[in-house]
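Quick heads-up: structures coming right below.
Each of the next two complexes has subunit A plus one more chain, namely subunit B in the first and subunit C in the second.
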Partner chain A sequence: MLRIAPTFEVLRPETLDEVVNLLDQHGEAARLIAGGTDFVPNLKHGLYAPEVVIDLKGVSALRGIEHRPESLVFGALVGLHEMETDTRVHAVLPSLSRAASLVAGPQQRRMGTLGGNLCLDTRCVYINQTEFWRGALGGCLKKDGDVCHVTVTGKKCVAAASNDTAPVLISLGATVELLSPRGVRHLPVDELYINDGIRNLALGHDEVLTRVFVPRPGPQRRMGFEKLRTRGAIDFPLLNCALAFDLDEAENLSEPVLIFSAVAARPRSISQLPVGRLDAALIAEFGQRAFASVRPLTNINADVDWRREMVPHLVSRAFEAALGRASATPFSLSNAR
Partner chain B sequence: MIGEGLVRADGQAKVTGRAVYVDDVRPEGCLYAATVRSPFAHARITGIRLDPDFDFSDVTVVTAADIPGENVVALMTDDQPALADKVVRHVMEPVALVAAPTREKALAAVSHILVDYEPLPALFDPERSRGHEPSLFGSDNVYSHITLVHGDPDGAFASAEGNADVRIIEGTYRVGLQEQLYIEPQGMIATHRVDAEGAPGLTLFGSMQCPFYVVKALSRVLGHKRFNVVQAVTGGGFGGKEEYPSLVAIHAALLALKSGKSVKLIYRRDEDLRATTKRHPCRLRYRTVVEVRTGRLLAFDGHMLFDGGAYNTLSPVVNSRGVIHAVGPYRCENVRSEALMVATNTPPNGAFRGFGAPQVQFAAERHLDRIARELGLDPLDVRRVNLYRDGDLTPTGQTLKDIGAKIVLEAALERAQRPLPPGNGSGRPGGGGQAARLAAGRGLALAWHGCGFTGNGEANLQGKADLALEGRDLRVYTSSTDIGQGTETIFPQIVAAALGIGVGRVSVAPPDTDLVPDSGPTVASRTAMVVGGVVLKAAQALRAALASEVGFDGDFDAMLDARTSDAVLRVREQYADDGTLVWDPKTYRGDAYPTFGWSCVIVDLEVDLDTGEVLYRRLVQATDVGRALNPVLASGQLEGGALQALGYATSEEVVLDERGCMRNDRLTNYIIPTALDAPEMETVLIEIPFAGGPFGAKGIGEIPHDVPHAAVAQAIERATGAVLDRLPMMPERVMAALERRR
Partner chain C sequence: MILRFQVNATDVELDVLPMARLLDVLREDLRLTGSKEGCGEGECGACTVLIDGRAVNSCLVPVFQVAGAKVETVEGLASGLHGHERLHPVQAAFLEHGAAQCGICTPGFLVAAAELLAHTPHPTRLEVREALAGNLCRCTGYQKIVDAVANALGRQGS
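Now for the complex of A and B:
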């Protein structure tokens, strides 16, 4: 019943030069589409009204995974399914492979791309609704209104970053390559996101994300990813977390990174993480650090107290995944069946 | 032929996208309809006006004043109006209708129909409905009140006092609303036609289970029968398209009449979730007298309180099935089973797979678990000692024979001895590291389910079926709809088997009320067993007619070869029982059903002790199907029904706001299980033939939804000690129960 209002023109460039020219020409009137699994439902809900839609799928320069000595380089059009099933990616970057495997359901992973997942729009129970539904509340900060139904008094949109690959890429120190009529620039993935739910990307309207560079981890690097969701498929994260750290032969943990997402407009890096001998107490301390700083809001449709209580459990499961003790399975009502 | 897992007749068209659903059809010049609905649970309508600032020039508006006949959705009682007039009794109640050249215009017009309301006090608590204000139905807000008494329950309770060998055990159980969640929302198209006599009329084409229910309801509203009703390929029903499509058809027809154009009315998913019927919530209080040593049931006193919502719909029949099935498949010589179905100002509840039985048998099974817990017995032993045996009497006094209760129990136990699929959680590979925080448990539950209509229902209805010889091929004419369960596949199997011909020569006519006789509705696990039986009789009658035409009875093709005429030969048969069933609807004594299905479900699951989530590993079910006409379809029915019950168990929760309106009206927050959430399914078909069904078949559409949720509750208890007597068992409730246990 939800239909796309035919108000725009679809352009199909084949080279990056053409993409850049089109962005230059159309500016804010244009929107980019890759797999469309986020874009199309949002379009149907009337969240976007582009005049021009630039379809990137014909741009072959955006495809492919390069295995360089110092890094893995992913084209923005690399499919989530490809990342999930590529054994070489899995061997080097197991947490990234796992995060890709837990995005939405099989159909979306076959359509969806890495670039698309990184540029996923923020989500909120008050925005991802039909126009009719939103209209009944008079809109909200993100669109057509001036009030936030989550924080009520707040003046900042708190729609949640819900990409599963973003926290992992931040935990791995990845960078993105952005191309615009002004040239190329590189940005750490951490800096790709800003704390504004209305638009959480530090990406100009004339910029396109072209490649993702992930440094090859050292031999002592361990990594894990966990996702809390309602079912074994389809659902966006209720919480997700990416963990990475070095572990030496003496079981000493150092250089930890712990990122939580699906909480606020950008992924949250947990600070003041402990280092030292890896034991249950240390893992518990990670959990407590995370619990102290992750405060779920009612922007996602699930009990907020229960979600917060799940934070330390998610951390300890990310540790198990990182240490290879757990199977490569997700964490949910259903878990990957 | 019979017993072969033939590929479903409708399968290829559905998987290749060629099947034509109602929204795939766009008649020339068709208008799009939308519904103006009440924002109040209970209010007086003081005026309906058109916004003078909106362009209504191309919009057709219909209100109650436009109804040519009676303003009623005729079903059991005439309490529900087609369009609210003067009063609205639930949120989302239809008040007016619009149709416009585009959907966008129709939706815009809805918000410019200005309805003046004067809110009235609303009633939401079923506990405070009977005999209270506001008055919603009859003299006391009661749709149905049935008390069934068997033996001497009062005497049994009285003599239990002071007797150390017996104990009185009581418990309260609660189940919530459940949405049918058919894949395709409600939808109907009304087009104009001229019939064979040149009279103008309408054709209603849409998604439905029961074309003749639509005929009955629409003829009252129009005041005539100059229309036909045609079922479109239907994307699931589960009871949700039993009574509701009558209302949708009435609305489309009224708009078509007033506009003079074709009108298409398709519900949006959120609208469908908020406006249409759900499974009745129920509060059940069970008291029993049990033998301390064994857990044997000596007396049962059960009180059920069902919330019927704002209109009667089919609620009295749900109440009836609840009363009869309340004890579960267990012998008890002294029974009082009392059920009350009351009115509230929530959207009406209605038909849903199981029809009262999933609610009451959850309570019955949980109560046996309570008995086992309080007496320190094994829950399985308590079931064994109470399970029905041949010759036992049911609470209505019906003598049971050829019953499958013990057979399905043993078959399920045997199948459950097979090793579980590897890993934690269903299909979780490896993962020993997580084992410490998962608690594994197994739960078992048993169900019985009366097949077909209750009591004299079938005899009164006299469901009909036609079979026609057209050339050398056969065509089946019934109003039984294929809603995914396989009617279009098994009817040809029945005819082909009876006539000894290839199944490819038998087709099924589309359910069009101009072409097919009234076979009764597609409900109550009756299509294969009852209508299939009439189809079989029709095949036998056709053979007899052909034999008399050609002068001999032999090979079907040889008889065809001997035919001199190529005229269509068409026979009609109708249901008739053998006269041995005796039922008194006043006292609820006698033979409640022609036969019962029996099922045993064993669920293996793990409870995540950190999160309260339930991870399903395997569901074994052994079910007495009488005879599996098509074992692939039969297993599919059983497995789909069981998965729907697992959703009822742990994830499907309808949350109502302060107006009684469903809050979680999206597929992202009304959570049905996905394929990845499903356990490994092991399905054992037990065949104890029922003489009254075609080739021995019994109805199986509903029984798989009767008790898997009870098996889940038992499994959680056995895994963790946490006792949950309320559905759904969401993770946060499981967590709370785990904490109570500590």
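Now for the complex of A and C:
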């Protein structure tokens, strides 16, 4: 039975000032909780041992979606269910809406938040296990051990960034607002992540993610998101693919961005993408570029060669989504073979 | 902490540990054993309850998060809260279609289906499947369960 050891205090601030004061006071001893759908299972598995837990759900300043002329601004507590069902968000940012709708299952999306998804802990078959299971192996680099069981050298933690909204927000040029006792700063979502699976957030222990700014896309911008997972109904990603590009009236593609995640500790941007007339050959070239860059690791429970073979298919499906021709069926192990 | 919230339309006040799981408070403090523990980590949906009308996994909810909230469990479905005399239409349909085998997953399915009915009076079959995507049945398949929910919706419309 997976219960939570009640060895810490729960603090419930109602304003951002109170949150900042508590973070200043407790620093690394504190953990923030929003929806709790990632935090609670990890706590049950003994991955965290906070002295205090700061509950953000009572902070009303972190709620709400603002539709500004130049951007959409999401409070960190905006629910994933709210994002997937808000027709105004879907109309402007369909790939973000789609990514929110593919996070876990319905019950998690009703508790889970955008800020929580962006701060999701990295995942690995050697870490998302019970304490007993991990103890039998002597732990690993991320927790209670000194070696990584995934890489040959074992010196670097490669637990995978598994947040579904992060690659989309990077593809859309979004930024996050971070608040700490030192003040406010803004970071592109791309710079929110570092390539270290132990903690992949460039977020200080006294900082809280407060808002996400997504620039309103121009009329020629097209966007798509695809997720590969074991079960189409509920699962963490085996691969995530977010795509955005401009398409003019003559069907010429420019300004492409292609992001893959669940392949390393941070989302990966695919470089040297082609531009030009959008046809099957150009889409195939995108697939080849992605295939050359994306090398899945064995830390996610599905065959690495098969996952890599799926990369160009994911790119094709992301194009179909971007062009409004997507299938509604989630891409999963059962229908990908 | 002293926690006040509502369970199945009844006000409750309890002295609880804030990080106790809502599931345990319901089953052990309030003796509402309809909600079941399957996986304990949010994958199976057997512990599904409604918090302010939304279906969530009660094994993932630290109980302090329901302060002031309205919680509904499977016990509430049959108690007339939804304006039905005895059984909720989904419960009646499960009986009629034989949509339960061992029964462990059934309360979670019923609660998730009740949320669907409340928000989407006439959903498509695909919407039924999507609404039940977070609930696992290990006995058999989902055909009779989907049939039951689809039939219950027909009844509600009539």
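To be clear about the criterion, the second predicted complex is superposed on the first by the 327 of 337 C-alpha atoms of A that agree within 3 Å, B and C clash if a C-alpha of one lies under 4 Å from a C-alpha of the other, contacts with A are read in each partner's own complex, and residues count from 1 in each chain.
What we mean here is this: a residue touches a chain if its C-beta (ideal position, glycine included) is under 8 Å from a C-beta of that chain, and two chains touch if they have at least 3 such contacts.
Computed from a predicted structure; not experimentally measured.
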Partners on subunit A (subunit B, subunit C) - clash or fit: clash
Partner chain in contact with A:E320 - subunit B first, subunit C second, else both or neither: first
Contacts of A:W133 with subunit B and subunit C, given as first, second, both or neither: first
Contacts of A:N301 with subunit B and subunit C, given as first, second, both or neither: first
Partner chain(s) touched by A:G105 [first = subunit B, second = subunit C, both, neither]: both
First, second, both or neither for A:M310, with subunit B first and subunit C second: first
Subunit A: partner with more touched residues, subunit B or subunit C: B
Which superposed partner A:A233 touches (first subunit B, second subunit C, both, neither): both
On subunit A, positions contacted by subunit B and by subunit C: 1-3, 105, 233-234, 328
For the subunit B and subunit A complex, residues of the former touching the latter: 23, 103-104, 107, 185, 266-270, 423-434, 610-616, 650-651, 664, 666, 668-669, 671, 673-678, 731-732, 735
Residue ranges of subunit A in contact with subunit C within the complex: 1-4, 6, 8, 10, 12, 33, 36-37, 40-41, 44, 53, 55, 57, 81, 104-108, 110-111, 233-234, 328
Contact set on subunit C toward subunit A in their complex: 1, 17-21, 24, 37, 39-43, 45, 48, 54-57, 59-62, 64-65, 112, 126, 129-131, 133-134
Residue numbers on subunit A that touch subunit B, as the complex places them: 1-3, 5, 105, 125, 128-130, 132-133, 228, 230-236, 301, 303, 305-306, 309-310, 313, 317, 320, 323, 325-329, 331-337
